[in-house]
Each structure stands twice: as C-alpha cells, then as structure tokens.
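Shared between the two complexes below is chain A, which has chain B as its partner in the first and chain C in the second.
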Partner chain A sequence: MMSLIDKLLERRARAAAQTASRRGMLKTLGGVLVGASTVPLLPVARAEGGAARPVEEGSDTDCDYWRYCAIDGFLCSCCGGSANTCPPGTEMSPVTWIGTCHNPADGRNYVISYNDCCGKSTCGACLCQRDEGDRPPYRPDKTNDINWCLGTASAAYHCSTAVVVGVAFEE
Partner chain B sequence: MMLKKLLVSAVLAAAALSALAEDRPPPLPVEPTGIIETLPERYPPDWFLVHDVAFFHMSDGKIYVIDSSEETLGDQVKGLFNNSLMGAILQVPSRGEIMSVETFHTRGTRGDRIDVLTIWDTVTLSPVGEVMLPSGKRFMGMPERVVLQTLNEDKWLAIFNLSPSTSVSLVDLEKRELMGEIPTPGCSFIYPNGGMAFSSICADGRMLTVTLNDDGSERGRSFSDVFFDSDDSPVFERPALSGGIAYFPAFDATVHPVAMTGSAATPMAPWSLVGPDEATWAPAGIEIDGEDDLGRIYFLMNPEANGVDGMHNSGGAEIWVFDPDSRRRVLRIPLQEWGLSFAVGRGEEPKVLVTNPVDMSVELYDGLSGEFIRKITGFGQETPLFLWGAK
Partner chain C sequence: MLALSVMTSWSLAEAEINEPRAKYHYQMFCQGCHTPDGSGVNAVPPLKGMMGVFLRSQRGREFMVQVPGSATSKLKDAQLAEVLNWCIENFAGSSLINGEYRPYTADEVGRLRQSPLQEIDHTRAAVLAEIARLPETGEI
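Here is the complex of A and B:
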C-alpha cells in the first residue's frame, strides 16, 4: 500500500538512522536471515516427520515475516484477517502489485501478491514497511506507493495481505 | 443597634468598591461576533503549505497554512483547508486559488464514490467551485508534486489518473468543467513542458511528450530515447525543476537532467550527486528534492541508502544543495534528527521546511547558511508528510 510508514514512527526513523548498516548486511546475505528471528512457528511450520509438507517459519503479525519483504501498510494479520485473508466485512482488491520474497524455510523464492483489503478506515495496527524491490508508481506492477483499493466498491484502505501466488522462476 | 451596624457596613463596602473601581483600567468594549479572518492574496515567501495526509484516518486530510517566520504558535498558524483520501493539491497564484483533487464516499467509507476537484480561494480559504471528475480514476497515493499541473497560461488544469491504467484529465478552469482525457499508456505523472504540452515518465525508461491543440485535444506525441532502466537503475519520479530542466535523481545518486522546452522532452548527460568518498549516500524519502529562486536544486540524502534495496523511502540525515550548471555542491544542511520530506520557500533568502518523522514536527532551516532556525509543532499535525512553499 502507500509508501511511508514505519519511518514515520520514531522506531523506524531511528532504525534507519542507526542500523542501516545492519540492514545492508542482511541484504548482502540475500535475505537468508530475514524472518529467522525469535518469532514462534506457525502451525504449518514444522511438518510431522514422514510426508513432506510445505513449510514456512515466523509469525505473520511480525513485520520481519518473510512474505512481507516488499510490503508497505497495515498487516491484515493484526486486523482480524491473516497474511492471505481480509478481515470481516472488508473487500479484497482484485488488482494489485507483486513482489518476490525468499522463504528461508524451504529455500525458494515466491511471488507474493499484496492485495489490499478495503471498505473500512485504516486498521491502524502493525504498520510495516519493507520496500524491497519497490519501484516508483510509473511501474504500477512493482509499486506500493499508491492506494491499491482499485476496482473495489470503496476506495477506503484498511490493511494489506501477502498472498503466495506462485514459485518464482529460478534466475 | 443591628440596623445601625448594617448601615455602617454597607457604606464602608460601597466606599471600598468605589476606591477599587477608580484604580482599575476602563472596562473592555463590547466586541462584535461573526468576524472571520482572511489571508493576503499573495502569501509571503516564508509561508508554507503543510499537507497532513492523516495517514491513520485518511478521509480527514488537512493542509495547514504556516508562517514559518513567526516564533509563536498563534502567529505561525494562519488557517487550513481539508483534503479527503490522499488527494493532491496545487496552488495557482495567478488565479488566487488552490486546486484540490479529493475523494469522498456518500456514507463515509462506503456508498457512492465521488471524485472531485475542489477549488479553494487563497484569501478566504473557502471552497469557491468544484468540478466532478470521472469516478475511480484519479491518482490516489502518497502526495506528489507531479499529479496536478496547469497548462495554457493557467486556464487548464491537468490531473494525473492511475486506475491502474494511466491517463491525464483536462479541466477548463475558466468554465470549471471537464474538457477531456488523454491516455498515456505505460507513462505516468505530469511534468511541465511549456504551456501547451506536458511530459510523462514511462516504465520503459523514456519520456512521453504530448502536445495539445487550442481545444485541449491531442495534437501529437513523441518519445525520448531511453535514459534509465526501471528495474536495475530506477529514477525517482520526483525531479527538482530549474531553468526548464527536470533533474531526476536516481536510486544510485545519479542525476538525469531532462530538458523541458515545450517540445519533446530531451534527456541530457547524467552526473553524480556524490563524490568518491560518499559512495554510500543516496537520495531517500518521500519529498526528496526541490529548487529555489536562485536556481539551485536540493536533495534529501541518506548516508546508508546507496545500493541497499528497500531504503529509498526511508528519508535522510542531510539536505545537499547544488548549482546545477556547475554541478557543484554549494551547501550541506545537516538535519537536527532526520528528514522525510522537505520544501523550499521563495525569495533571495530561501528557507527550507523539513518533516522530522521522529516526532512528526516540521523544522525550519536557512537555505543560505544551512543553520537550524526553529521547530514548529503542536499545531494539530499528525502525519505532515508533504510540504509546499506557498505562493
């Protein structure tokens, strides 16, 4: 969703000023460390031995969650929805932009669709801005600087999801 | 006996009151009600428009008119007007009006959508006209300087649309009615390019220029050569403007000048904002550049953003000022804490107003010396993310 966010807050501004080098190091490592912090595991995170199941690690209410690598907005997981569902009574935007995020749990890159949920005023919780791969609005397919409540009944922005829509091509 | 005592007390009290009254100044005159303040037709050079987008309740955006030369809050705040749902504004001094594109729903966050151009009078800060716009088209996002642009000697207003298909709507400001719409597929925003043309920046790294007929219809269009790669070496869409040239900063601190002389936009040779020992610096923030009446151009610079994916919106620690002709940096303005957006005032002694995202105040700096002047805060602002030098 819109550009700005975290750094609008003191925490983010200070982080940008003081820990940029740390961010740079993380980027240099190809994002391998992103999301691999101390957050608890999702129910699907650890398959029970035997048959292989898709895995992902981390909390979807944490801005460091791997799917949010390019996000900019309020996390729907904190607003009554989840990483891939909208809160009750809202409407998911049918058009949006995409990013590519690395899932450290299986070593794959995934295409993530950042559909906004619309029709109510801003959720106000879990503001998160990561911006990786974000481009200015002259690249609508890769921008989070605009309100993506497009094609919806209401233009009111509520929160943002991060839906896995495919495995990215290997470079 | 009792009556006598009472009489004596009353006489003494009256005497005391009389003496007291004689020591006081005369009473205040009765004041009329219903007086409403007005503003000058031309705002002074140190006045700014502070766009608080109300990011946490977007239908309540406000634009404060601030006199940055004053020291007290009561003298700094001159008034405000509203702008709903992440709209765009443009002050047009020749018309004594401020254009404001905004969106409403008939039931607040639901109901029929209304996109409208609201025209505000700069003296009364009251709405004096409106033009209904095509529903669901106008650009809605972080504020930009390149969403609205006047053409044809300020008789027309061009409005950028992104739905996400892109186009430009034209409004006749004399008749206050919609003229038409010009598609700009693959290209975005509106850059001034003479009175009867506008340019747009394209995803394929070119500039589109559209020339117009007297009735606002399209006369022709042309594309420049490719001058950047939107994947690998993107430029910001927000140029500094000086001398008919748009200076587009890139994520990597290169500057791409593009000549805007009324015909096809022409990219010129790029140059770098940073020296050999400044390779980690890059422009970053929301409103990252500006220009002054002295012909100088300004950029908000982040000491760690160059080459770091995702840092391009994070703001900066300094503002760097350049002479675009010599390409030399003429001033560094170290910010008190951090900056996210800034605007430059008018005149020979320009002031620079900066949004400090740490406490969401705005801070004033001297554009000639770089010295910090004052912090302006407590005027009701919450997220003052975009600033304009008033005209």
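Here is the complex of A and C:
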C-alpha cells in the first residue's frame, strides 16, 4: 500500500518538476505578493487624497515661503523648530488662527493653521510680516495682531508655525 | 396618527451635507478655537460629546446658533446650517438621544442668528441647568 502511494507521489512530483520551474514558482508567488500588497493600498490612497499633500518648493526659513502668506511673527524654522513643529522647550498653542495660502508649486489653495509656540521669550530670528487675508481685531478669529498663546501653560510668545491642515474647498 | 408619522419622518430627516465643504468651513471658522476634534481647550467649550445635550431643549438648540462664533460668522445661512449639522454628526457622539437629531435648516439658522447672544457664559449655564432638569425624554 505504502509503495503504491510512494509511486503515485513520485510520478506527480516528476510531472510537476518537468512542467514548472522553481523560478517560475517564485515569479508567480512574487507577483501575487506584490499584487496583494498594492491592492489594499488603493482605497486608502484615495481616502488620503483628501488630506493635504502639497508640492513643496522654496525654503521654510524664508518669509516668501508659500505657507507664510498671512504670517506675522518669528519663523519657528529659524528658532530650532520647523514650519510644522515648535522648538524644544516651547509648547504649541492648541488655539490658533487659520487661513488659506496659495501654493504656486501645485496651483492649489491650502488651509494653514498658524499655531504659535509659547513658553519662552520671543525668538528674535526671521521676523516676517505678510498679512495676506489678515483682518482687524474686530474679527478676532482672522487676525494675527493678537497673542495666540491661548490654551498653553505660558502666554509668552516665542515663534510661529504654519501647519497645512487641509485643502481649501472651491465652490 | 398621521401627525405622529409626519413627526417621526421629520425628526429622522437626514441633513444634506457636502463633506469637503462643511469640513473646510469648520476648519476656517471653528477649528481655530474649538480644536480639530471639537474638544475645545480651557475657556473654549467642547463641541465633542456636548452638542447632543444642547439639542435636548429648544433653548439649547437656539444657543448653538446664537453664540457669536456661529451667529456673526461670515458664513451664509445655508453654510452655517451645514457646518452645524456636520459638527453634530462628527462630534455629538453618544450625547445624541438614540443617535438621532433634527438637522438645522438655512431658514431656521437665518432667523435665530438675528439675535446673537451677549451674555454667553450666563446663558450657557442657564441652558444646561434647564436641560439637567428635563426628564430623559427626547430631543425637541
């Protein structure tokens, strides 16, 4: 009985070895694995399409950098932080003013949150004042003339970030 | 019976929300203070887990339109109604009774915002006290 099974399996194995190469199996398996890894990404990538992924050009230590269109303050990029992050020893204010900037690199308008970094005295480097879209203090949610260190442990202003939080909706 | 059925379908009406537009308006006119997830911070009250509480009374429903951030924003009536409904759907969570609410309409918002509140903190406390005294019935 066992020899019968042995013969049967041997015949099948030889037949398989004659018609399929090991590289062929690797190729097929590799194709399946790569295909399987990309398929689940497709809907996720589309979902991410709503998130802000601007094409970046220019230096974030320069007042002319596209995200700083409405900034009034010291650039955190020049103070040990970046356009997105606060320098060490400071705290990002959760309360902020928000506007839009046009990105010439991709032609889209983005929603920018000018979160201030607080808790240390003014940085003093890279003072920029562009004020595009800035409104007087009687529209407090759209003015950069007030200290936005609100909701932080300290109200001492250090520098400003310019975080991309979304894409502007165009009617 | 007919009236009951009309009321039921009215209360279950679904808000027509353009998601990217509503989110954009939230970001531009609300998020700066109420924070991205509606939690608020310090003196900025939370939307998260609270909007459904305010919807339990007529005064609470009106309050959310008459606060200055809503009433005096530059959003048009339809846009304000849409962003309020978007906030309810995204932030109210379990504060909604049975997960349902009656959406704001442009007409309702347009009428209410003609009377923006002057004493916000006082009104808010009074509205919440009134709601706390209500039996657990349902949203108005």
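The rule we apply is simple: the second predicted complex is superposed on the first by the 116 of 171 C-alpha atoms of A that agree within 3 Å, B and C clash if a C-alpha of one lies under 4 Å from a C-alpha of the other, contacts with A are read in each partner's own complex, and residues count from 1 in each chain.
Everything below uses one rule, namely that a contact is a pair of C-beta atoms (placed from the backbone, for glycine too) under 8 Å apart; a residue touches a chain by one contact, two chains touch by 3 or more.
Treat the numbers as computed from the prediction; the structure is a model and nothing was measured.
Applying the stated contact rule after C-alpha superposition, one finds that A:Val55 touches neither chain B nor chain C. After overlaying the two complexes on the shared chain, residue contacts for A:Leu150 are found with chain B and with chain C alike. Once the two complexes are overlaid on the shared chain, A:Val164 sits clear of chain B and of chain C alike. With both complexes superposed, B is the one of chain B and chain C in contact with more chain A residues. In the superposition on chain A, A:Ser113 contacts chain C only, with no contact to chain B.
Looking at the shared chain after the overlay, A:Thr100 reaches chain C, while chain B stays out of its contact range.
By the touch criterion defined above, A:Cys63 lies against neither chain B nor chain C after alignment on the C-alpha atoms of chain A.
Judged by the touch definition given at the top, the superposed model places A:Ala125 against neither chain B nor chain C. Judged by the document's definition of touching, chain A residues 95, 150-151 lie at the interface with chain B and also at the interface with chain C.
Across the interface of their complex, chain B is touched by residues 2-5, 7-10, 12-14, 16-17, 20-21, 23-24, 27, 69-70, 72, 95, 119-122, 124, 129-140, 145-147, 149-151, 153-157 of chain A. Against chain A, the residues of chain C that register as touching in their complex are 20-21, 23-25, 27-29, 31-33, 35-36, 41-42, 44, 69. Residues 55-59, 85-86, 103, 105, 109-110, 113, 136, 139-142, 162-164, 166, 187-189, 201-203, 230-231, 234-237, 286, 302-305, 307-315, 317, 337-338, 340, 357-360, 383, 385 of chain B are the ones that touch chain A when the two sit in their complex.
The residues of chain A lying in touch with chain C in their complex are 50, 94-100, 111, 113, 141, 150-151, 165-169, 171.
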